[in-house]
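Quick notes on the structure that follows.
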Amino acid sequence: MSFEPSESVTDAREGLLTSQLLGSAAALLRFCLVTAGTFLGLLAITFFIGRVVPIDPVLAVVGDRASNEVYEAARQAMGLDRPLVIQFFSYVGDVFTGNLGMSISTGRPVAEDLGRFFPATLEMATIGILIGVLLGVPMGVLAATRQGTWIDQLIRVLGLLGYSVPAFWLGLVGLAVFYAGLGWVAGPGRIDIFYDGIVDPVTGLYLIDSVVAGEWDIFWNALDHLMLPASILGFFSLAYIARMTRSFMLDQLGHEYVTTARVKGVPERRVIWRHAFYPIRIQLITVIGLSYAALLEGSVMIETVFSWPGIGNYLTSALLNADMNAVLGATLVIGAVFILINKISDVLYRILDPRARK
Amino acid sequence: MIDWLLDDSPASRLQANLGRAWRVFAALLRNLLAVVGGYIILVLIVMAIFAPLIAPYSPIGQDLANRLMPPSAAHWMGTDELGRDIYSRVVYGARITLMIVTMVAVIAAPIGLIVGAVSGYFGGWTDRVLMGVTDIFLSMPKLILALAFVAALGPGIENAIIAIAITAWPAYARIARAETITFRDAEFIAAVRLQGASSARVILRHVLPLCASSTIIRVTLDMAGIILTAAGLGFLGLGAQPPLPEWGAMISRGRNFILDQWWVATMPGFAIILVSLGFCFLGDGLRDVLDPKQGDKQ
Amino acid sequence: MSAPLLEVDGLTVTFPTARGPVDVVKGISFTLGRERLGIVGESGSGKSMTGRSILRLIRKPGKVTARRMTFDGMDLLGRSERQMRDLRGARISMVMQDPKFSLNPVMTVGEQIAEALVTHKKLPRRELKERVLAMLEAVRINDPARVAGLYPHEVSGGMGQRIMIAMMLIPEPDLLIADEPTSALDVSVQAQVLDIIDDLVTGKGMGLILISHDLNLVSRYCDRILVMNSGEIVEQCKASDLHNAQHPYTRGLIAAMPRMNEDRDELPVLDRSTWTTGAGT
């Protein structure tokens, strides 16, 4: 048991670094394999839903008003006479080449539709997560530092509500109150009709595109339309993030090194943020990632209520039109993004935590 | 009677089990929120069972002369676009909600339990394969998956139940597996095996009962999510079909009148929120009582 | 001897429990000059609570009351939290038990020690660094520059505790409270750490409160000893007078310590009935 760090600490640390890199490479490989496996599983499930579940998968794709010729052509095209396994492989191949079939309601390739509608969902979910983080984290910290007070109870109730309130209902109520009642925000849709199509879709994100084009009127209008749906998503996000932050902070505040900081006379604000909060910021990244993924899922309902031209709305319209290709295509894309965000959040945590890098 | 239940040396298995149930119940009663939650669930069950006695009007009887009336003494929650009393529809809707959550729990929980217990007990390749499948399902967005399944199966309340159950079982499998692993190498399991018990018997009579409490907690906490998913499906027209008074479908019908006749869409929503909160409170309380190490900080 | 550094009169610490409020410290009184005072007791005797009450670290739902509690003439009870913060670290410090838990795992050693200084005094960077390194040397850490860049999980237990001592003594307080400073350390390292505390404290003329469950340790390093049991002080004496202790609890503790040339077959077990009064045990 020596007192001083040995001279070979540097050597040891260098050796450790190399083995860490190798370990990281192996871990990266493992990550890719696991994620690929999960994607394959997702494909299997969508394939299963599309081909195996419906009694007549061809009907599911062409709709029951299709003529005989269309039916037969589709049947041939879908290769339903081949063994199931072969069908699956050709399905996977199709997906990887971007062929998700044709949508019977829009008449365009599903992949093209999804590309057009994705930015709208992305824009809304991103503003939503920003609200969730900027409000949720401080609320969680506040609840933890004032544990037992009415503030704590209020924030806990908010957390529970985020879990018990139907998103579509909140959307409707929000529209009634903030749009029709108070007139604080614009109504359904992404932008007012007379602004539609003026700005070049560079990114597909109206906020960015309008600023790039210098059209500030359009920017504010787009923001006006974004505010309510994004806020509702933001509400659910902040409820979850606040709950998790509170839980982490309560753990932290019980740690001895927080007391040490107080013993040193460190101001309370610094004790809370630099000593208690700082170590959990990495876990919070995972939480935020999970919330972001959940928002993508939640946007399905919100988009339907707000007639927002995003993937969620596309999915629900396709459902109502029994447009199976579109349904499965949208499910695939949303599912894939969901899985990706979850897995990345997982991995990010392990990479960033200094204690895990021993 | 209470002394018999709390007896430290129960004479029979029945007495021990009842005694344990009583202790849990008594502990729950000390938690205000759990009591509130339990009360809400009780009201839900009572409403569902005694709907014909509680609801003042028929849930499907139309009265076009009285359509879209605001809440009043005659119609506590107002009337919808076909003149039907919303309160009565909400009460009858409790039956649908109760049926959906019960059926989903009855289908998904046992499947999840068995998959998890088998996976945890046998380990090895069984474990890897089963958990691989479970993880795939767990990684996916539940609502989207349920939507896709219902799309393929067709709208209807039975299909909605199946679709939700398919997305719900993986969580229980994970929990059951984690629990099983903690005691699969314990001596009492080895003892039963040495007595010649088959694996099936060990799992059924020893492993599963031990996983029961954590599964019950998880099922209760999940109920809110299941109710919301079911309501979402109903909102999209994929669940119970009209004229059934399913709460989500009612909100969807009320959507067109949200601006002026807000009660048509909002009342069923309050019912959903209340019942979900009830399950959350109860689940939290159960968790604190049955598994204090996972309990939220009080 | 100048005016006492610390005066405690009737200190009581109360916690609410399921069975009603419980006093973990029951109205104790003592004074401390610029000397080394040891507080000995078993777990639950209230010794740690006493230490933490002096620094007003006990938060709700615990309650601290006293007839008087003054430090260097200043009233400790009535001070606001902000005023207490000015005292903590700068004039009164505390070394805690286990550096594995009491050091911040995501701040480097150097940063943590520097923080103790910077909280009370704004110093230019270079001088700050010099003082941190000087302090690390004072606690006998070789190669202080390298150690300052390490994280707490990268150092041994003994070193961690010395870092803690450095951190708590760098602002040059007048009173150091050491709460079981060696209980988490290997026996071989314990003496070294205590020697360091001893040197630094006597070298700067500080007051020391050494809290421990180890009677031997306390009698070696302290001038006076307080023995606590169940929240009360049962004995106050000079360390050199320990063998003349009166209270049956203290006598029992002394008798239960094995000696080098032990000739007894069995060590006597404490008979608690000789002193428990039955009043709120």
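We call the chains A, B and C, going by the order they appear; numbering starts again at 1 in every chain.
In this section, a residue touches a chain if its C-beta (ideal position, glycine included) is under 8 Å from a C-beta of that chain, and two chains touch if they have at least 3 such contacts.
This is a predicted model, so every value here is computed, not measured.
Taking chains as nodes and touches as edges, what kind of graph is this: line, ring, star, complete or other?
line
Considering only C-beta pairs in contact, identify the chain pair with the most of them.
Among the chain pairs, A-B has the highest number of C-beta contacts.
State which chain is most central when centres are taken as means of Cα atoms.
If we average C-alpha coordinates per chain, A lands closest to the whole-structure average.
In terms of CA centroid distance, which chain is the most far removed from chain B?
Taking each chain's C-alpha mean as its centre, the farthest from chain B is C.
On a C-alpha centroid basis, what's the spacing between chain B and chain C, in Å?
Result: the chain centres lie 53 Å from each other.
Can you give the whole-Å distance between the Cα centres of chain A and chain B?
Whole-Å distance between the two chain centres: 25.
On chain C, where are the residues touching two or more other chains?
none
What residues of chain A sit close enough to touch chain C in their complex?
So the residues of chain A in touch with chain C come to 1-5, 9, 255-257, 259-268, 275, 278-279, 354-355, 358.
For chain A, which residues are in contact with chain B within the complex?
37-38, 41-42, 44-46, 49-50, 53-54, 60, 147, 160-161, 163-169, 172-173, 175-176, 180, 247, 250, 293-294, 296-298, 300-301, 304-305, 315-316, 318-320, 322, 324, 327-328, 331, 334-335, 338-339, 342-343
Over in the complex, which chain C residues touch chain A? Could you list them?
55, 57, 81, 85-90, 93-94, 96, 98, 101-107, 115-116, 119-120, 140-143, 146-147, 150-151, 153-156, 158-159, 162, 164, 167-168, 186, 188-189
Using the touch definition up top, name the residues of chain B that touch chain A in the complex.
132-133, 135-137, 139-145, 147-153, 224-225, 228, 231-232, 235-238, 248, 251, 254-255, 258-259, 262, 265-266, 269, 272-273, 276-277, 280-281, 296-297
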